[in-house]
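Notes to accompany the following structure.
Going in written order, the chains are labelled A, B, C and D, and every chain counts its residues from 1.
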Amino acid sequence: MERSVYLDYAATSPVDPRVAERMLRCLTADGAFGNPSSAHRHGAAAMRLVEQARDSVCARVGAEPAGLVFTSGATEANNLALKGVLADAPAERRQLVTTRIEHKSVLDTARALEAAGCEISWVDCDTRGVVRPEAVAEAIGPRTALVSVMHVNNETGAVQDVAALAGLCRERGVLLHVDAAQSVGKVPLDIGAAGIDLCSLTAHKACGPKGVGALYVRPGVRLEPQLHGGEQQRGLRPGTLPTHQIVGMGSAYALADPAGEGPRLRELRLRLWRGLAAIHGASVNGDLDSGAPHILNVAFPGVDGESLRCAIREISVSAGSACTSDSPEASHVLSTMGLPDARALGSIRFGIGRFTTAEEVDYAAARVAAEVARLRALADAAPRWCSA
Amino acid sequence: MERSVYLDYAATSPVDPRVAERMLRCLTADGAFGNPSSAHRHGAAAMRLVEQARDSVCARVGAEPAGLVFTSGATEANNLALKGVLADAPAERRQLVTTRIEHKSVLDTARALEAAGCEISWVDCDTRGVVRPEAVAEAIGPRTALVSVMHVNNETGAVQDVAALAGLCRERGVLLHVDAAQSVGKVPLDIGAAGIDLCSLTAHKACGPKGVGALYVRPGVRLEPQLHGGEQQRGLRPGTLPTHQIVGMGSAYALADPAGEGPRLRELRLRLWRGLAAIHGASVNGDLDSGAPHILNVAFPGVDGESLRCAIREISVSAGSACTSDSPEASHVLSTMGLPDARALGSIRFGIGRFTTAEEVDYAAARVAAEVARLRALADAAPRWCSA
Amino acid sequence: MDYSSEVLRRFDSPATAGETDGADADAGLVAGEAEDRSLNVWVRFQVQLRDGAIRDVRFRAFGCPHTIAAADWAAERLHGRPAAALRQIDVPRIRRELEIPTEKLGKLLRIEDALAACADRIGVPAPED
Amino acid sequence: MDYSSEVLRRFDSPATAGETDGADADAGLVAGEAEDRSLNVWVRFQVQLRDGAIRDVRFRAFGCPHTIAAADWAAERLHGRPAAALRQIDVPRIRRELEIPTEKLGKLLRIEDALAACADRIGVPAPED
């Protein structure tokens, strides 16, 4: 087919060629292919690279290297954080406070914990997708062990005030976990300065490889490992350390500087929105000013999102989170923000990233405008709810 | 330093350059970098590669593609198999039968299950490291839900008769899980023909990347997922599918033909043993004829293993499994085979692989012989237990 | 989401979308529609009859690509058929020919409903149950 | 396992390994050994004395590289010292100088024991507790 434009950076991103090159050097027989846990020279060479990568990751997010546990991604990190902390909590403190706009890997883990006897207290967001810290404070009770709130929402880009949350959690003597899968390279994150206890990270949203992430666990915080076998990573997460993946994460994080990249992304996003704003009724789900610079979620009333995505199928965008894009349900995030189903289903998430160009953004805006017009004409005389 | 020889293929292997090349094509913006779960074109292109890789993996091990669940490696696969099946078993069938010579990821998972209220029945091996199927049969009782026995032992290369085990498990109405992390490319494995219910695989022992593996779950077998969040892999294992890793596993498995590679490895192993056999008292831990072609575990009575490994440190070998090589404890496998501690601690595991040459093997044998002689001279007049 | 090439072709340029030309309008023009809010779908057909036969069918739709393509397919097939054909729309065959996944069945049934509404207006007798 | 360059140097060519040359043998040759089977370690020292001073010390060992290097270090340091030095071996200092990890302490203490056994044979008085 004709051209192909990728605007789904919030689902995943291509690996930066500089990162790919460093990963490659850990693979073949002339590289650092050893098992980092092996006592010999090949192992030690690999372990040195792992430790360098650990330092890079920690430098980017303000974390103590001793607290970083590498995982297979943020899904595993979220599972480890929630299950690990609650399994270690005393029986009378098995309550988790979280929000209704978390990623599925937090939502489903919370539901699994609920089924296992934990209590979950759900907090809503406002119409812009922002969780008020006071709402979280109200949800914390004497049985609360852990609060889990994401940093940047993957569907709307809404940024939560994690420093305020950390402050109030500390005051109340509960732990705070932050899912920061979407933040790195886009929104500044300083785990230490904010006072966050546990933080989930992933590489593939920041031009690093898929299948590697980390859970930061502030030294002193206790949690039950969720995988058993082997002493790797102090027993917190056994399994052969995948050197090339960890090195990829380290070098991706070294490059992912929100101060350098954020303004460019923000400008592209604004340019995209300016193009789309010409479409009658189009509106931003979330807040253009306070949101993360790489995500733009727009409602196009009067069109079905699946049809719009199909109509512009040379442009890769998403209905919301990638995991739910096959299902006909309205996004739980947009619903929590109060959008009617038809409007939520007529929304599209654009994700902008390192290799996105202004020309691509202009192209996308023009194509969307043309197809919205076509689909609306096709639905002329449809009942009012279709364009709610 | 001088030269460097890698003889620790049982700990991990370098990635075959052909595999690395295919992985690389999934990383950067000009490759299949999309999220395989995304509904758009970039996602579909990635998913096609994932499905091709699934087919390659299944073709190599005789598995039905529908049953393959990709994981971060065999450690996770072993955890998922054991915990997943036992969590799904009825309360009166929470017994696991396994052996004392399993990899730590099975041993520690079994111990964790025991702490959680399951019953574990431990089976021993004989002096060659082989588990008698009859011993397993005897351990199976009315409460047994699952039997877990590894295919190829990672320390000795001992091959277990998984087809016989599968037969007797089927007869007794219990499920069989096989940890086949070490088999692929070395010892033929046909999961379907053997009748194995669950099978753990990993890529990095077969010239594929670290950090990816799979659990095969025979369609119809039920197990509780151990990670929550997202519908990827039918909910059995959520998390963004790491395309390049899965593609790496697929192409590594396509290349890993035991019929092609086995004889060459076996010959190199025999050559290595011929060189080492000249050392007084040296003996094979395990069985040269029936063992896997890539592992040679040799006892050198009268020397301390750590000193021997240090003396030949230009050659990367292992004390046993890589995970325990830092600890002073004798290998649990060699101990179960009946070796006295000093003998177990004076043993070295050599792992041979695709890029090992005859010259390397000869070099290693000569160096070991020289250093054993030197260390024995240093320990002249030591008490008898030192050379037990 | 996978779409068959036939779905894509019809979705990209549905030949029967819009309004009948109206030239022959007073010779029997009916419209019928159906919707399912929970499925986010609405379909409307306009049928022009002459001498008891369908002279033209046009549709409008709010919905997914499968719905639009299926409405187009149905409208096209009805051309020149007797009015009774409005009640004989073969949804399983549409699914087969356009390779539409099962989970879209609910939406396709609204096409059946909308055409049945047209048949009602014309007075085509409902089939006996 | 990480080894300091000093450990590696001494492990690779321990200058004091072996037997005393025996030339002066009857002028006071003692040997003492110690072992810990659970730690897989055995050490033996041979001490040659002349005029109450240590003229030569040699060791043999079965054990890890740290044990061998530490035995070599201790033997070397005892050269020319009064016999009492056999009881004054400074294990913490050995650990420091050779950068030996804590978990090897048990093995190093067998060096102390073996040298104490030599001191016993010579009749160096044991320190009061």
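Brief remarks follow.
What we mean here is this: contacts are C-beta pairs under 8 Å (C-beta built on N, C-alpha and C of every residue); 3 or more make two chains touch, one makes a residue touch a chain.
Small disclaimer: the values here were computed from a predicted structure and weren't measured.
Number of steps on the shortest path from subunit B to subunit C, with steps defined by chain touch: 2. Of all chains, the one whose mean C-alpha position sits at the greatest distance from that of subunit A is D.
Averaging Cα coordinates per chain places subunit A and subunit D 59 Å apart. Subunit B has its Cα centroid 34 Å from the Cα centroid of subunit A. Centroids built from CA atoms put subunit D at 97 Å from subunit C. For this pair, subunit A with subunit C, the centres built from the Cα atoms lie 42 Å apart. Contact with two or more other chains is made by residues 1 of subunit C.
Residue positions of subunit B with contacts to 2 or more other chains are 39, 325-326.
Chain pairs that touch one another: A-B, A-C, B-D. Contact residues on subunit B toward subunit A in their complex (touch as defined above): 4, 6, 8, 11-17, 19-20, 23-24, 27-29, 31, 33-35, 37-43, 71-73, 75-76, 78-79, 103-109, 111-112, 202, 204, 209-212, 226-232, 238-245, 309, 313-319, 322-327, 355.
Across the complex, subunit D is touched by residues 302-304, 306-307, 310-311, 325-326, 328, 341-342, 345, 378-383, 385-386 of subunit B.
The residues of subunit D lying in touch with subunit B in their complex are 1, 3, 8, 11-12, 14, 17, 35, 37-42, 44, 60-65, 68, 103.
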